[in-house]
């Protein structure tokens, strides 16, 4: 019999979830003895909490989110990785007068996730000799590209490099991008898999990660065929943006979902403490589970 | 003696009826004999309705003495019920299915007797004012209670219908304790064992007037016409 | 002749009054002479109110002949206005500030004349039914229109107040075209230049009865009592 | 006929608005663009619309029943009212993001949690208006019932409730109008289908015309539900206004 | 006194619920935990609450005025009603995420767009109930006004409108109850202050007790506004029920 597994996605299905979707559609999960259900929430905050509450087995989340939640005492553990680098970036329109980070002085910057995006931006601005006080922050909550294109803001933080640039392009605009990890922010894992700490089922997790690894390898080798599978898995997925994002996303997918770089978590925790997002870095041993 | 038990007398002892500062009656003591009809007369605004509501236990501080049927100055028919259901309202509200079933024929008869036998299924809003008043009368009589309070029950009826319904009421209410408010002295004299006049602010209740003979009396009877003059004089004397 | 123009006669020509299948009047032709008072009698439900509403232009197909004041069977006082403002309602609704200002003293006088001079500022809900009817009468008289339609205007008044207000109405309505519905034959004979009886379904209007002498007539007048008998007989003959 | 003219007029006004204000397509696409998407993605849109329609109708039904029951309970019992009325009021102040995890925890990811969320939005106007209506019964009727020895339950069900039907109809109309947003909010609880889901997703991905096509269908659903409810509500109160002669 | 007992009772019930169901703190914290945060972060919370309270009150005021004006316009003019009533109904079906960019485009990121969004949520119950009330005027009064040669405007303002005040009060009560969520939704349009903002932010960072402290204040604001409106509404309609003897 197949083992039932419930995975909460971080957001609507998109090419970031390529490995999961393809593994499910091509029967890779089934081959590893798993019957996986993928659930998309509209609110990216909820999935890790629901996993902690035992309402699902795994959630797709972000490294910074995990570290903040753990610092608040949620019993979560990272068990794997889907995208082992930051996707977040700061974006401005190419034809705007903002050419360098320093040009943001006195300008408006939109952000989505309160607190975290502010922290990233603060670090980036400081790398260019500015502080948060030199810009006006505006919470645009959603619709980053809309705010940018309608010139309500001069830049947006929280844009995913594989999406928002393509989104701009589809709307006949070009973007200028500053990658967070190149501008004063330590590198981190954008997309990870988390599970409830006390009840991590090691054997099952290993099967899951093996299936993801297999699917990732296959889709990197067969991008066109993989796109066909992905875009047919849901009618709403077959659109231009996903098509464009697909080619930008595949190279970013982690070849080895089991890989774990503890130092990266320690460095980033220190960064979060420094930016005042958490009071104290939690012990990495408590929330990092090596599935090797 | 069973008769007296069935239709108790109503007593008011030292009652005070007031709306805020406006005192309608003060230290009122009054007796309505059991099994008999008392008609109340009085100038507009003197407090007849208030007294009736007091007797019905509807005013603060008042208590109801016995099961009764109350016919208010407005018809109070429910617009979402047809006439028959309106007449059966009491039985419906008491939720006794057996009694309700038994009362059906009685309600039909009563509606026929007040001249609405052909309108059983109609909604109140399609009736004339007098028809609605007759339906309310039928509802009150259908209640079949030992005590019946009626506030100007015939005000919207023409002279002929009025006489017919007075006869009907007199017949069906015989032996019950009835308090009937009216503005027509002749009507009071026709229907009442006793007639009393309310006057003054706060009001006092005049002496008992007892017209002779059995009810309903003939309105052309000269004794009644004489008493009518006396009543009108009593009314007139008290601004 | 200006008099006739000021208080026009009302004519009904071939009117049909019906509510769905229920025909109240068919091919009705009728004339209410200008400047005179016509009293209408008829059994309950015969169609008196419907005729009055037809004259007031309130029924589909009906048209109003002249500016008029209409006193319905219900008092229709507005609960959020005090008595004085209710009496001035027509002037308020027409929004003529000058006329409204000028009507103020008149409204006060009228309220005093119907015995409510001490309750000008009270809300209608604190009044007795008869008081509310008197306020509605004051409102109707305050309108000062050449045509006045009144539907049982004294139904809730005691015998004495009724006589007083009949006198008041007769005085203030003299020279106007008045149609007054009543259930009291004596009242009709007291106040009307003409009295007419409605009967039948659909109703027809009986011959003109013109009591002798100036109005308001003495109710004890033997001629009137004789005519009253005739009217009651007419009412009785028509189920 | 008339509704059609109105609809066309409104669409023209919308088209004119986008031209006149020069608002960019990715903020407010003109109806012509939306129409193209509507045709191109018809299957997808219909699928999602069916889902949302089901949530709306279930939510409305549940909301009406729940609202009516609560209003009657409040009218019947001061004890219940004292405890539960503040809860009901407070329930309207709670944003979905605070309550969604709880609903998932208790009701799971299926239709139940979505319908519950939708009903939470929808039931309130019904409780509020019906309860108001139940409080405003003609005193004359209550007095009459009292002299008839009616038990409070009979008075409530046979007099106060029918007398409050116009108020209930008023509440049902509001409930029907907010049912679409109730369903969309329900989809926040973790859906993978529905017009609200499609809309959020396409807005987040810059596919504004698709989002507005979904919104257009949502509005159509809303209007249809409103008019159905309006008709039913009128049939509920066939008698004239309470004071009718 | 009584409201206090009720409040304490409800808090105890909440505490008991968290114990009985064993729901985790990060999903539904017990009031004891929330109380601690409430004291610790009092300044922050008060600051944000003031912001939201301002939005609520402005939104409610705007919503009441807008709702009343629209209802009167609808009652006065069939032409307007035909065009604008569907728009008003449809306006309730539009999720904030679809309309927020538009509002920002037109009104900017300041208070205006937030109050507009809040008013959009708040005004509808008022239009709907008041318009219903205006449609149900006692025919007798309308007939009387007609015989008095009143112009339609005078009838509307001096008879139909006062007669519909109980319905308006009913709508205002609903509006007050949804004002908090209106303000929170307004904050979605792009705020950097307010209880809704604080709530989203703390939920994103796993600070559930802080989020619930904000929610608690939001509910308090909601209850206070509701009761204030309820009192004002009662004063608005001092006369008895329409048929009162």
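Going in written order, the chains are labelled A, B, C, D and E, and every chain counts its residues from 1.
Keep this in mind: contacts are C-beta pairs under 8 Å (C-beta built on N, C-alpha and C of every residue); 3 or more make two chains touch, one makes a residue touch a chain.
Note that this is a predicted model, so its numbers are computed, not measured.
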With a step meaning a move to a chain it touches, how many steps does the shortest path from subunit B to subunit D take? 1
Set of chains adjacent to subunit B and to subunit E: C, D
Self-contact between copies subunit B and subunit C, residue sets same or different by half: same
Name the chain whose C-alpha centroid is farthest from the C-alpha centroid of subunit C. A
Averaging only over C-alpha atoms, locate the centres of subunit A and subunit D and give their separation in whole Å. 36
Report, in whole Å, the distance between the mean C-alpha point of subunit D and the mean C-alpha point of subunit E. 15
Centre to centre, by mean C-alpha position, how many angstrom separate subunit B and subunit C? 27
Can you tell me which residues of subunit A touch two or more of the remaining chains? 45, 49-50, 53, 142-143, 146, 150
Shared-contact residues (touching 2 or more other chains) in subunit C: 72-74, 129
Overlap residues in subunit D, where contacts from two or more other chains coincide: 27, 97, 101, 105, 138, 140-141, 196, 200, 203, 240, 242-245
Note which residues of subunit A are touching subunit E in the complex, please. 44-45, 49-50, 52-53, 65, 68-69, 71-74, 110, 113-116, 137-143, 146-147, 150, 152, 277
Which stretch or stretches of subunit C touch subunit B in the complex? 19, 22, 41-45, 49, 73, 115, 126-131, 133-134, 152, 155-162, 183-185, 232, 235-236
Subunit A-facing residues of subunit D, complex: 24-27, 41, 43-44, 47-48, 96-97, 100-101, 104-105, 108-109, 187-192, 196-198, 200-208, 210
Given the complex with subunit D, which residues does subunit E contribute to the contact? 2-3, 6-7, 9-10, 23, 27-28, 82-83, 86-87, 89-90, 92-95, 97-98, 101-102, 105, 124-125, 128-129, 132-133, 136-141, 166-167, 169-170, 173-174, 177-178, 180-181, 184-185, 196, 199-200, 203, 211-212, 215, 218-219, 221-223, 226, 240-245
Complex contacts: residues of subunit A adjacent to subunit D: 8, 11-14, 39-43, 45-46, 49-50, 53, 55, 142-143, 145-146, 149-150, 163, 167, 170-171, 234-236, 239, 241-242
